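Chain IDs A, B, C and D follow the sequence of writing; residue 1 opens each chain.
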Amino acid sequence: MSAIPKTCKAAVLPEYGAPLEIREVAIPALEDRAILVKVEMAGICGSDLHIWHGKMGIKAPTPYIMGHEVIGRIVALGHGRVKDAADQPLREGDRIMWAHADCYECYDCEILRKPMMCSHRVGYGMAPPEKLMGGFAEYEYVIPRTKVVKLPDELTEEEAIGVACAFRSVVAGFEKLGGIDIASNVVVQGAGPVGLYSALLAREMGAGRVVVIGAPAGRLELAKRWGADDVIDIDAARDPAERREIVRSLTGGRGPDLVVECSGYPPAFAEGVDMLAKGGRYLVLGQTSPSEVTFNPASILQRNLQIIGSGGAIISHFYKGLEFIRSRRGKYPFADIVSKKYALEDVNDALRDMQAGTEIKPAIDNRNRPSPL
Amino acid sequence: MSAIPKTCKAAVLPEYGAPLEIREVAIPALEDRAILVKVEMAGICGSDLHIWHGKMGIKAPTPYIMGHEVIGRIVALGHGRVKDAADQPLREGDRIMWAHADCYECYDCEILRKPMMCSHRVGYGMAPPEKLMGGFAEYEYVIPRTKVVKLPDELTEEEAIGVACAFRSVVAGFEKLGGIDIASNVVVQGAGPVGLYSALLAREMGAGRVVVIGAPAGRLELAKRWGADDVIDIDAARDPAERREIVRSLTGGRGPDLVVECSGYPPAFAEGVDMLAKGGRYLVLGQTSPSEVTFNPASILQRNLQIIGSGGAIISHFYKGLEFIRSRRGKYPFADIVSKKYALEDVNDALRDMQAGTEIKPAIDNRNRPSPL
Amino acid sequence: MSAIPKTCKAAVLPEYGAPLEIREVAIPALEDRAILVKVEMAGICGSDLHIWHGKMGIKAPTPYIMGHEVIGRIVALGHGRVKDAADQPLREGDRIMWAHADCYECYDCEILRKPMMCSHRVGYGMAPPEKLMGGFAEYEYVIPRTKVVKLPDELTEEEAIGVACAFRSVVAGFEKLGGIDIASNVVVQGAGPVGLYSALLAREMGAGRVVVIGAPAGRLELAKRWGADDVIDIDAARDPAERREIVRSLTGGRGPDLVVECSGYPPAFAEGVDMLAKGGRYLVLGQTSPSEVTFNPASILQRNLQIIGSGGAIISHFYKGLEFIRSRRGKYPFADIVSKKYALEDVNDALRDMQAGTEIKPAIDNRNRPSPL
Amino acid sequence: MSAIPKTCKAAVLPEYGAPLEIREVAIPALEDRAILVKVEMAGICGSDLHIWHGKMGIKAPTPYIMGHEVIGRIVALGHGRVKDAADQPLREGDRIMWAHADCYECYDCEILRKPMMCSHRVGYGMAPPEKLMGGFAEYEYVIPRTKVVKLPDELTEEEAIGVACAFRSVVAGFEKLGGIDIASNVVVQGAGPVGLYSALLAREMGAGRVVVIGAPAGRLELAKRWGADDVIDIDAARDPAERREIVRSLTGGRGPDLVVECSGYPPAFAEGVDMLAKGGRYLVLGQTSPSEVTFNPASILQRNLQIIGSGGAIISHFYKGLEFIRSRRGKYPFADIVSKKYALEDVNDALRDMQAGTEIKPAIDNRNRPSPL
């Protein structure tokens, strides 16, 4: 076993809204089946901004170490942890990703068989510093019951990091759809990572035309390289009615058969449902705000619509997401999702750039960082 | 071929909101593949009240013959019409039901394969008197392209009439669900015919507990005889929060896995979505009003909900509905849905009783009426 | 905690084909999360005959304690085991059922999300005597990772025992079907417990006509009381062609929309596929023999058939099966599946009666047995 | 309206097994809703060889005009035929494809809603010469009730012709699958047009690895250009056990999650089912021979397999197939499926080359043929 330092640096959120502080924190003792990893890369997620400012539904008590989108390299494996969830052997030095830790013992996990809805889920990126369960740090501690999956050797961290949050959610959402009718028209609302991966997956699952609505131009440009046929810039087409008209003309006058909501913007809900073709489906992947919208439920009946919500993902979705990217390497510029890399000490800059919308996905990059030992 | 009178009596809506008038109207000449029927029974549908007062989305020009829920006895078969949609031979004297006439030539019918959404659908109960395409009459004319199905001999008109509108919609809606998870808990919002048939079908498709929310007491009492385990009287439990609490306690604290909206009352939408268990499904069968509601779309994602709208039905649903009732004769008091019968001349009384809510389903009964010949 | 005896009696299979022997065996020390139960009732399963004679695919080394279909009453709960898989609290004195112990760590469990196919599954009824993991005994030991579910208080052991093997398999199989089209015609091949529960479930999930093919008369009579409309006695209709004709005439000349194979008899496969209506589905629940059959695969394409195999079940299916029976108590004579009860010492008689086909389900009944203490 | 000749040339099958004869046949008078087309291209289908030699299940009486895979250019539109099934206006000079003519009036069409199983289906390529309902001719007559779809302007005949038979069958088959799990491994048995389109569609619907088993080398080479990751040449790997080993090693030791049978070779059935991973699905697209195979049905239960047959297609599948190809133009060399073109007079050479297996899809090309007028 490698030498394990006693402490490491971590970016701690001291209280909601304040800048993160680099602190020296203790590394926990390794329990059976737990894993200690060196953080190689930690992505900044759109939701990290809400977390930072205490605007998520669930508010963990501060201080804590943020960061829930991580690639870690195994430093130490607890007794009994010998393989990943796909039966691949685990060894020190392997790179892994991991899901929230679900209990696999409750009604949600065992009777409904939906661990993504587990009432006893333990998440990463919201635990007290002494637990070391956050990605904005040099090391991270993966608790015993966490499911993990090994990264394919050929993938770079930049290619894979998006699987750790945005893409695994998209994989879980599209799985609920149970396939896309071939040649169906798809609109994606939002051009952040969730929107970009949705456009990609729609393209690769047989869609006809794929249209992305969002901003700014840099994200839309990447959407096109990731398979979108058309993009609608909301900075140019600012009126929902105008956007609906463009969509209508791009979809043979009928509207899209599937709209994937990835914007997180509450009014997008009514706009998206409204543009659907008869018999269309609406997949909700971005709505997390407590805001209410006004909405006419009769349209659901009259146009025979379906609205499908998908929140959360489990290790199966990580695995499939990684395999998907591995099998399409070279076909799409997957690494371009990471638009800028930062040292751990610059995590506040990364958060501010994310807030300013100038980056698609900023990431903390520890790969060339000297060991704290 | 039987002797066919030149004219017959029909209840004509002279203008929106006015009482229907009994008029003598001409019987059209029989085209190839058309069918002339003697109306045996015509149900009064909840939507007939909206139609009467011009409050439906689609307002046909008056005057016209109302009535879209009909059992007819074949008087004359146009050339080439020899069997029904289930390959059963048709003969004079057979009793039939029929669906709207869809085109089977358009994108909706042929590419989407959803004739219930046909853009060229021709409906009954909204055509000018000379077409004789309404059920509140002595005779009715079934146009050539209409799909029809023969009634099983053993069913009485009272047992079968509900298939002609409410039940075939329920059959179509539950078909979209693709089955109910066995032992799942189901709440039905609304105790009109659509709600009653939904409770029945949930019971017979494997549900655990079936709860009906509605009023008045007479309908709730029939709901129990049709398979509901529990009823919640909205005249007693007037507050949505109170109803939600009752539902929660009846469903093990988790809420229902399926809510079937059959109320047509817009605020029922948010109430129903709100009470769903995690992973639950909401089937919209009643919403037709243009009213908007306020609603939090984040709940769809956070609780992994699905909302499924179903409007319209085709002859397949009529057939399955009739077969279903035939196979469960004696098990449920199907005939009790027809709470009162009226002569054609008393159609305005029937409409007023429906409006007063004193009847579940009033019906025009022509069975013992002397022939107009 | 109750006093726990050091040893108890168990019926041990000394070698394949030999009579079981009642031996005194040690009761294992209780690990964390394990459960020790007093066996209240243990059913004799059709597969116990194959096991007894060493004719199952998997042959565990003898000696071992047979019995995999058990209701146990909790004597001691290992540390950390406080509730069942449906979040119901567990206490000494509660009655439980349990599934095979799957690993929830492998590709089958976590990536495919099908623990019923777990490669690391540990089964009951095939372990060395010192593990006390078999039901033909006074006590049984439930190992830590086993999922368990509490029995509803209102159910008797006779009503519930069938859930422990036959019915949970039927629930799992019908779940794969994802619902039955209402008013569809269903044929069940086989009138053993799997066939009887299949007829019941088809009836309660919306089927039109339900036909059971099997023998002997006593089972067919129970099939009718459990919801079958018609039965075909294979002792009377001995020729497959004759049976096919009867089925055809009972299903409007078209054949059944669904055939559920519950016979375990290899030639039933071709007979069942052959009788299906166009577009029909064939659910394989009984085939476990290594025998080959001859079969024309073109019929699958030409008649657009689907063949669906389902083997294994998980705790979710136990829970749903128990809830299903609880919610339909009084509607069907569920207890009649247990046709005869035996003392543990008479287990060889029970096996012989099963082999002779004179009983539907014999069961070891320990309920009035004095404590070994 | 263009001038319509009285007669045209057609290749008539005089009796089973004999060479086709070029004859002058009458052009029928145009009925309402019928269409007369000039045949632009007619593909030779693998099944044409069976038809030629009278080895199909259905043997129409000779003589007749073969050819069921056709692109026609509209010469005359019968009264009332103004648009195609996708609501696109039809005009003289437009190119169209058409499906078999189903009745849309029977139990199969209307109650099951599966017109591909219509008992009253009228097919092309098997009618007496005077009906002019075969593609190996200068003109073809499309009867009134036939559903048609217009070709997108940008597609060449070479790119589109495969939709008329092989691809629309593949589209229909994959529709029954309801989507492919992303990153799942797919094996295609057979490298004829059905196999090639299946590999393409699996690739474009999200598959992980796509493996094609077949021969000869030219087809396998095209399979790779159409998206297959690996090919297994059955001329090199002649032993099923050897092929199974290769497949196993290409699929992580687990076997494929989906096998698509496109070979038409009866023993491929057992070979394909045998190689499936646990929980895998087998789609039967090629089996039409009456030969029986030996097969162990227990494997279906023990490995939780599904076998899905799909025969026939309707106009919806033509439309989606054409849209799919249109939206992926430039991405794949679609035109390469037509490996050689022949004059109508050389139709027997085309059939012989197909029989020799030297061509993937030979086609009769009438595009530069002078008008018979």
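For this structure, a couple of remarks:
Rule of thumb we're sticking to: a residue touches a chain if its C-beta (ideal position, glycine included) is under 8 Å from a C-beta of that chain, and two chains touch if they have at least 3 such contacts.
For clarity, every value in this text was computed on a predicted model and none was experimentally measured.
Comparing chain pairs B-D and C-D by the number of C-beta pairs in contact, the larger count belongs to C-D.
On residue numbers, the A-B interface is repeated by C-D, which shares over half of its contact pairs, out of the options A-C, B-C or C-D.
With each centre defined as the average position of its C-alpha atoms, the distance from subunit B to subunit D rounds to 42 Å.
The geometric centre of subunit C is 45 Å away from that of subunit D, both derived from CA atoms.
Each of residues 107, 112, 319-320 in subunit B touches at least two other chains. Because contacts link each chain to all the remaining chains, their graph is best described as complete. On subunit C, the positions that touch subunit D within their shared complex are 57, 107-108, 112, 114, 116-117, 254, 266, 269, 278-279, 284-312.
Residues 83, 85-87, 104-107, 110-113, 147, 314-316, 319-320 of subunit D touch subunit B in their complex. Listed in rising order, the residues of subunit D touching subunit A in the complex are 171, 174-175, 177-183, 201, 204-206, 208-209, 229, 319-321, 323-324, 327.
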